[in-house]
Amino acid sequence: MLSDFLQFLFSGLTTGATFALVALGFTIIYNASHVINFAQGEFLMIGGMGTVMFAAAGMPLLLAIAAAVALAVIAGMAIEKFAIERAGQADTIPLIIITIGASLFLRGLAQYFWGKSYHAVPAFSGDEPINILGATLLPQSLWVLGSMLILVCLLAWFFERTLSGKAMLAVAANKDAAQMVGISPRFVLLLAFALSAALGAIAGVMAAPITLTSYDIGIMLGLKGFVAAVLGGLGSAFGAVAGGLLLGLMEAMTAGYVSSDYKDAVPFVLVLLVLFFMPGGLFGAKSTARV
Amino acid sequence: MRNWILSGRAGLLLLAVVLALAPLGFGNPYHYDIAIHVLINAIVAVGLNLLVGYAGQVSLGHAGFFGLGAYVTGILSAHYGWHTLLSIPMALVVVAVLAFAVARPILRLSGHYLAMATLGLGILITIVLRTEGWLTGGPDGMIVPPIEILGWQLFGEAYWYALMAALLVLAVWLALNLIDSPVGRALRAVHGSDVAAQVAGVNTTRYKVLIFVVSAVFAALTGALTAHYSGFITPDLGGFMRSIEFVTMVVLGGMASTFGAIVGALVLTLLPQLLTGFDELEMVVFGAVLMAVIIFMPRGLVPSLRTLIGRFLR
Amino acid sequence: MTHLLETSNLTKTFGGVHAVADLSFGVEAGAIQAIIGPNGAGKTTLINLLTGIYTPSAGDVRIDGRDTRGLPPHRLAGLGLSRTFQNLQICMNMSALENVMVGRHLRMNRSFTAALLRLPALRRGDADCRRRAAELMDFVGLGDLTERDADTLSYGALKRLEIARALASEPKLLLLDEPAAGLNANETAAIETLIRRVAELGITVILVEHDMKLVMAISDRILVLDHGKQLAIGTPAEVRADPAVISAYLGAA
């Protein structure tokens, strides 16, 4: 009984950590521009698939990972430069369509150059499961959870201690005021895309040994990351991480205790229920709209 | 004269004429088939435009209603032997009831939260369609019988074209009527300023719910007919990408323009046909075109054109 | 003396801020009642409470003796309330005339089927509404702009358009939130005439305004707010002579 529960807990936390990183990516871009980047999932795909392809081309794993992350960052910055920036002050709906166009573009390129088949990335420190109270934990899960923790700490440091990080917070809080004190919203936006692309790609690499990877994994991962970000309350970094972990746990518990048929339905049922009762998400600020 | 041209009545006439004459240019059944798909998408887009373009409420899940409409009539007629003249109305009722049930809590949301909720609803519908294989045939889809009226089967592209063309003209007529009425102005006011609409006495929630259900029923009717037309349906009919395509048609043609929705449907349905030459790169080109059009024509095709004509007639 | 509108202990708090605190006052039918006070005094919040945009934290509002607690804005509109906004709330996706026509919503045939089928009765009603809306635009001085899209109008014109829209419902009580803000002296004078003409129609007016010359000239009574609380209430002459008002307005004098 306990071992079952632990098993579900481990797998839930592992996928949850991945969702959390995707959700953080959504949050960073949202805070910089109020854009919801539907291409977020493609960064995970580029991370995973890039690593596979670069490694297959003979690069050592670490270098392949670095190259894949760099590729994702370039893709992210390109989306910002050539699409988001050009769109100017477009409305919510056109912006959604633009980022979906971008995601199709990236997915199409991946399919063209890397093919349609599924690939496995070798686990970083072997496949020997660790036994904890009757449940097994893959070493790769530790990599996923560890990298999430490290990235969250790094982000916290970045936003609190560095000039660029503070500039991003300033833009999130009040764009006009930030511009007045000399912060360039364009620079912040570019940085936001680079940062969330990197986050996504790393999440994609870390999860690839567990989930397999292919050109089209970005769709569902992106949508679930969006769900996690909304669950937590758009714009809240804490909410994004909490939302991601909650989502992973709920999925794993449902698959384990109820039925795995409806595992993919869990995020959407959850987010609808939460929004029905808390229209601003779990950790979103409650406020009265000013008139 | 100028008012008449800009009011859309002239457009309705033009649409009817074009639809009547178009078959002269069709060389083979394949042309008819494409035209029918354009019409199908156009009807959905005209309905969705009432919600998204006029009332300003985004829905990223409308394909869900389309797919549900297709499956309800498909299941009732194929598995339970219902007459299609009963199973199709039943599909509309089921979708209308579902849309009405969720509309209130969903439409309390706005912006990205509304996008998320509608997206989630659409995906949930497809997940159910995919998972309940005993009823729906699962991911592989199911076979749907043709429409039969008094022993006569609705069969052949020409008949279907005529039916869909008539439906589109009807849909456009209804939409134009609605928009130019107190109800339509109230809906547009909800978009322009929700609070101004409220203090003018508009029960904004009620109107949002109303138009959500109406646009869902447009989608359901088209979905149901599509099921009987193509004879075979899969859960992808209601998938996320289909929802995105519908919204894109509305935005591409021009939000809050009924004829824009039709043009958007035309362009977006024909585009993949034109892109088949790109083979493996089809998705790449499609994505690029999508981005380019929205970036360079944020107002959409028809409003841009209309501004030109209006200027010309002044 | 009949009060068209009455509040008792009306209070609204945002977090810790008492935007409106324990207000009890009445507005006579047919009067022009001004509400003044420094920035952030709670004037707009009060208007929002009266029109149902905000729900009170405590206290209540009565219109014609009827408790309005829990009524949403569109129901209050049905009781004869109408208003304009300090920050323009114009529907920029519609024509100027259509904005005014929306104001007449409650007096229209709102049947959905009639709209879909464009029944003759509805068409006649619409034509009538169009004519009245054009008359109202003329009344507020926008007679030659009826064909224009709202987003092509100047700020001053939009301010009047809001008044025309608010009048379209044929209200008993019109609430104006800073109708003269941002206008020049000429335009302000025109607004003053306009408000007088509205009052002559028998419509009770609640006027929030910073322009003291305007307020003193046309108000029957003035309510002075400060930090959400009532500082004074009375005729212009009384308020002008009130020591509390003088010290608040003339600072630490």
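Read from first to last, the chains carry the letters A, B and C; within each, the first residue is number 1.
Quick note on the criterion: contacts are C-beta pairs under 8 Å (C-beta built on N, C-alpha and C of every residue); 3 or more make two chains touch, one makes a residue touch a chain.
Here is each chain with its UniProt name: A = ABC transporter permease; B = Branched-chain amino acid ABC transporter permease; C = ABC transporter ATP-binding protein.
All values reported here derive from a predicted model rather than from experimental measurement.
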Inset, instruction - When you average C-alpha coordinates per chain, which one falls nearest the overall C-alpha average? Tell me, please. - result: B
Legend entry - Most distant chain from subunit B by Cα centroid: C
Legend entry - Chain centre separation in whole Å, for subunit C relative to subunit A (ABC transporter permease) (CA means): 48
Inset, instruction - Please compute the C-alpha centroid of subunit A (ABC transporter permease), do the same for subunit B, then give the distance between them in whole Å. - result: 32
Inset, instruction - Give, as an integer number of Å, the spacing between the C-alpha centres of subunit C and subunit B. - result: 41
Legend entry - For subunit B, residues that touch 2 or more chains besides their own: 195
Inset, instruction - Indicate the residues of subunit A (ABC transporter permease) shared as contacts by at least two other chains. - result: 291
Inset, instruction - Mark out which residues of subunit C touch at least two other chains, giving numbers and ranges. - result: 53, 85, 89
Legend entry - Contacting residues of subunit B [partner subunit C, same complex]: 56, 174, 177-178, 180-186, 188-189, 191-193, 195-204, 210, 256
Legend entry - subunit A (ABC transporter permease) - residues contacting subunit B, complex: 30, 36, 83, 86-88, 90-94, 96-98, 100-109, 111-112, 219, 223, 226-227, 230, 234, 261-262, 264-265, 267-269, 271-272, 275-276, 279-281, 291
Inset, instruction - Within their complex, state which residues of subunit A (ABC transporter permease) touch subunit C. - result: 288, 291
Inset, instruction - Going by the contact rule at the top, pick out the subunit C residues touching subunit B in the complex. - result: 51, 53, 72-74, 76-78, 81-83, 85, 89-94, 98-99, 101-103, 105-106, 108-112, 114-118, 122, 125-126, 129, 150, 165-166, 168-169
Legend entry - subunit A (ABC transporter permease)-touching residues of subunit B, taken from the complex the two chains share: 52, 58, 60, 105-106, 108-109, 111-113, 115-117, 119-121, 123-124, 127-128, 131, 195, 240, 244, 247-248, 251, 255, 280-291, 294-295, 298
